[in-house]
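The chains carry the letters A, B, C, D, E and F, assigned in the order they are written, with residues numbered from 1 in each.
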């Protein structure tokens, strides 16, 4: 049943995802290093949804300001403002507001601003506003880092994922990769989400090579091989038939 | 005595397990990374038990919701719902219920929901309900992580294993692998369970290769060599005669 | 003086131990990973002592239940029950008994059950009962882990070793190896015991290879080279003339 | 639109930055090891701005004293004093003043001196004084280290970056690299800033090679390959067409 | 001046030590892994001193019991008892005495037994008793481990070394190596003592090779190259002209 | 201007330092492993200053006693006593004095002895006494280790460096290297001082090779390549034209 999958619309990606896309209603982790194009990937997912598949989107930013994103995405020829005007996209800024340090403890306030319930309310409001089918939270790292220990982080992330489900949307959680090597510790988010896409960069001889890998996609027989990708003038492009040598 | 072993029914696995299967009544750890097919392996074990060996099963989920699992498993042609209707399978959802943060401490409640005694009661209820011979707990990581230090985790895991024994069932504990390298720290669960199966993925030249390894199986002269496996349209398939080069 | 050494009776091992065996009265650490055959090695030591050298043995288990061990060892043709009936072997189960969590703190109780004095009393009782010459504690890891820091673990282990000496028996302490690589941190037990035997498994090309190594044996000019071993239908067999390439 | 980019004026760098420079108003992290020329890079950015692009600059030092920097930069033929007299550059020294230990706790005072609000006031004062378009904070490490844990560091850095934005200036944050290897943990600052430039040194055969890498530059299709650079008599020079072999 | 050096008398070692030996009055760290022959090296130093250079010795044991050492050393043909009778050697056992746990805290007592002042008194008593010129403390690790943090360990070790000096003796501190690799963290004792000798074992192809290395020897132009050594029927023998390949 | 640089007088070093030496008034970190000749390097710097450049020196020892250093340096033909008599050198011993443990806490006292203000007073007294132009603190590690956390260590080191400046002297801070590999974590002292010289030892094939590297020297275009060095009968000798292969 084709209607059970959400095509990303990102060149090469849907081919890797069993020629289908992301299973509808699933939440996928997109994890990458600095400069790996995580935000470009996320916006491209929403832009292609809005322009090619008639699916509105919500972009929840915990870090970069909407104005910056709008401007940067123009470089790929993506006019976010127009989509917003057409009610096909809504930006939600939940980055913490600083409170004068003399009044209250800086971090305490930051944490309250971010707490789970506010984040969920913001997402639901956005989904309702544009009748969204796709949601991005970028980066989820800022959200989980506020919890002091790993168990609390896991519980908070599980709660978030559970509530996200009820929206019926297909979601990307953007996360920041810790290390730069092929061998690494798995992050707990990789186990909690229903799919994991890695955007990494490795040194091969004298060149940095960008590597896309669909590590996991529940309910789908994906190609889990590492594949080269580039950030072109038109956004992310993955080469699903090319190979990457270590 | 053939009746002392429980065939997994998973292609290639029983050949590796001395052409027999898992010793009856034993608890086996199945540890793998994200996307390695741990849940598929576990369900396949229950499905083959129910359909080929007339052994009912209990699937205790601490993470994914039964509805999702039922749906995903249809991809392999496994109709869980039918097995449930025929009383050959029961799903038990013991994932923690969120309580409104304003009422009580979020994690405290989560922990109470999960405590050992509840988990055991749930398993016993399920075993009784379908007269089960096979039990899966997926993933055990969520259970052990609630205990603040390693010693407490060991004791809790031992207690769980001891009580599981009394059910007479043959059990799989699904666990999440920490790292991605060939060299790694052993997890304490590997020492506490009676068998260990590893489902890993390694980069070999330009390809990710899936590697099955029966690391340990008490009372059985197993093949402990790394063997390639695939996740096919019919579930996990292990190739017991093929070799994996580092 | 031949009577100063205790032959292990395990094929290949005594050849490595200067064609003699373990110095009488010494305590040897046997450390290995999951599935490396540590318990098989330990039981084989006791079984060969009882059947070939007329030395009774005590097997103290802190983990696996005697019934399971008896059953598993039958696979090697070793009839533990008969040895027990002939007063050539005694099993002592000192694994901690769980107390209802509502009554007392779970771990506290566990620790009390295990405390040094109880462990020693149990060993001495067993030694007296069968006039034992050989003692195995399996695994010692469970004992040391209860002590909260490294210094306390060292002292507890030293105390245990000191008292074990007074029994006059030759002893094996079974321990669980932490990592899987050739390079590793030494465990403190390696320094406290009078001998160290390592049972490890390494990937060599496409194969896991089992490697026996006598790392240390006070008062004996041993062969400290890595040697291949196998777990056969007759138990552990070490090949003292074969070499292992990294 | 050319006026949207700030050319660094450093030989080879603007070519790598898409033949443009740093996006106006962005804050870029420049991270390097000891002796990698971080301060030279930063001053060169301000000097070229003042002498070739008519953009005044503010240099905030948290470590080295202005007098030392002035003297060292003369080696490259850069006369800082003259720029200061011409109101094209201002040095701001916010390194912490020591207070007699007998009076107050040493570190407490140091922390107060450094607190965010003071740092921001100093920057704003400097920007106003010379109508600056470029700002350097060197090194930001001293600022972030005062915060006891990672979450607080992230929040403090975010706050700093947010306020820096309001100045409209284009900014370099100088940071100290932790390790010397190709594989490394990403620092959180790499995720918070809009661009990352790495200045590293690697051993290649018998030689240390200096390696420049533009890891990230939001909104710009940069060359992210590692490129050799040298510290010459005229300052930093990057070779954008040369390659670096591992 | 030849009388300023103390020949170890161990075959091959003095050649490496500039054909002289250990500078008189210095304290040398001898660090090695389990089974590396540290105690053999130490006793050989005392035995050769007593039998070839007419220098009495004190052996302070913090771990192994004198009776065991006497017995083990007979394997090398070294009759400790005779040396003791001739007042050329004295064994001092300062290993901690266990106190009944019910009376006092186990570790507290152990620590008191070990405290610096007792250790020094014991050494001085021994030196006086046989008019010793050589002292061995084996292993120093047990002494330093009682101090809860690194700074306290450094101070305690410095104090010990300072007082040891006043005896005028030439001393060996035996220490336990942490890891098994060529690359390692330096232990603080290496910086505090006036010389460092490493006894290690590395896997080379299919063989474990024993490697002696004089890492440091203040005031002496030593050969700091790795050299093979063996534990023969006559004790340690180092081959100062042979090379060890990595 | 030649008078702005202080030649070290150590064979090969000044050639590496742009044929000049250390910039006058700068503080340089000299970091090396055990036996790398750090103290020899430091004394050679003072000895050459006093005998060839008419610059008196202060040697502050936090570890080794002056008598030992005097004696060891005679091996290189350096007569420290004569320099002291001629008021060209002064030794200052600020190593902590032990206080009877029964009176006060051992470590507390040690820390007071060492506190910053005392160290500075001692240095200033020494500088005044011989009108010194060169100062060595050996090892600075003992000083920084007393501060319980990294931030306090950084502040204390910065304070020390700032006050040292006011003396107008050119200074070497001797520090102890943590690890033995090519890849390592940078120590914070490398960022705080104006220059960094590394004295390391690496295994190359079958040989340990001593490697000198000027990692950083503010305001000077140095040769930062690794260069072999030896500890000869005349002290340290660096070979500035030779190469070191990894």
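Please note the rule applied: a contact is a pair of C-beta atoms (placed from the backbone, for glycine too) under 8 Å apart; a residue touches a chain by one contact, two chains touch by 3 or more.
The structure presented is a predicted model; accordingly, all values stated were derived computationally and were not measured.
Undergrad: If you take the chains that touch subunit A and keep only those that also touch subunit D, what is left?
TA: none
Undergrad: Given that subunit C and subunit E are copies of one sequence and touch, is their interface built from the same residue numbers on both sides (over half shared) or different ones?
TA: Different, since most residue numbers here occur in only one copy.
Undergrad: From the centre of subunit A, which other chain's Cα mean sits the farthest off?
TA: E
Undergrad: Could you put a whole-Å number on the gap between the CA centroids of subunit A and subunit F?
TA: About 51 Å, centre to centre.
Undergrad: Averaging over Cα atoms per chain, report the distance between subunit B and subunit C in Å.
TA: Roughly 30 Å, centre to centre.
Undergrad: Indicate the residues of subunit E shared as contacts by at least two other chains.
TA: None at all.
Undergrad: Touch graph across the chains, line, ring, star, complete or other?
TA: Topology of the interface graph: a ring, with each chain touching two neighbours.
Undergrad: If contacts are counted as defined earlier, which sequence of chains do you get going round the ring from subunit A via subunit D?
TA: Following the touches around from subunit A to subunit D and onward: A, D, F, E, C, B.
Undergrad: Which residues, counting only subunit F, touch subunit D once they are in their complex?
TA: Its residues touching subunit D are 115-117, 150-152, 154-156, 158-159, 162, 182-186, 190-192, 194, 196, 213-221, 224-226, 243-246.
Undergrad: Within their complex, state which residues of subunit B touch subunit A.
TA: 33-35, 39, 63-64, 68, 71-72, 75, 95-96, 98, 101, 106-107, 110, 139, 141-142, 145-146, 176-181, 201, 203, 205-208, 231-233
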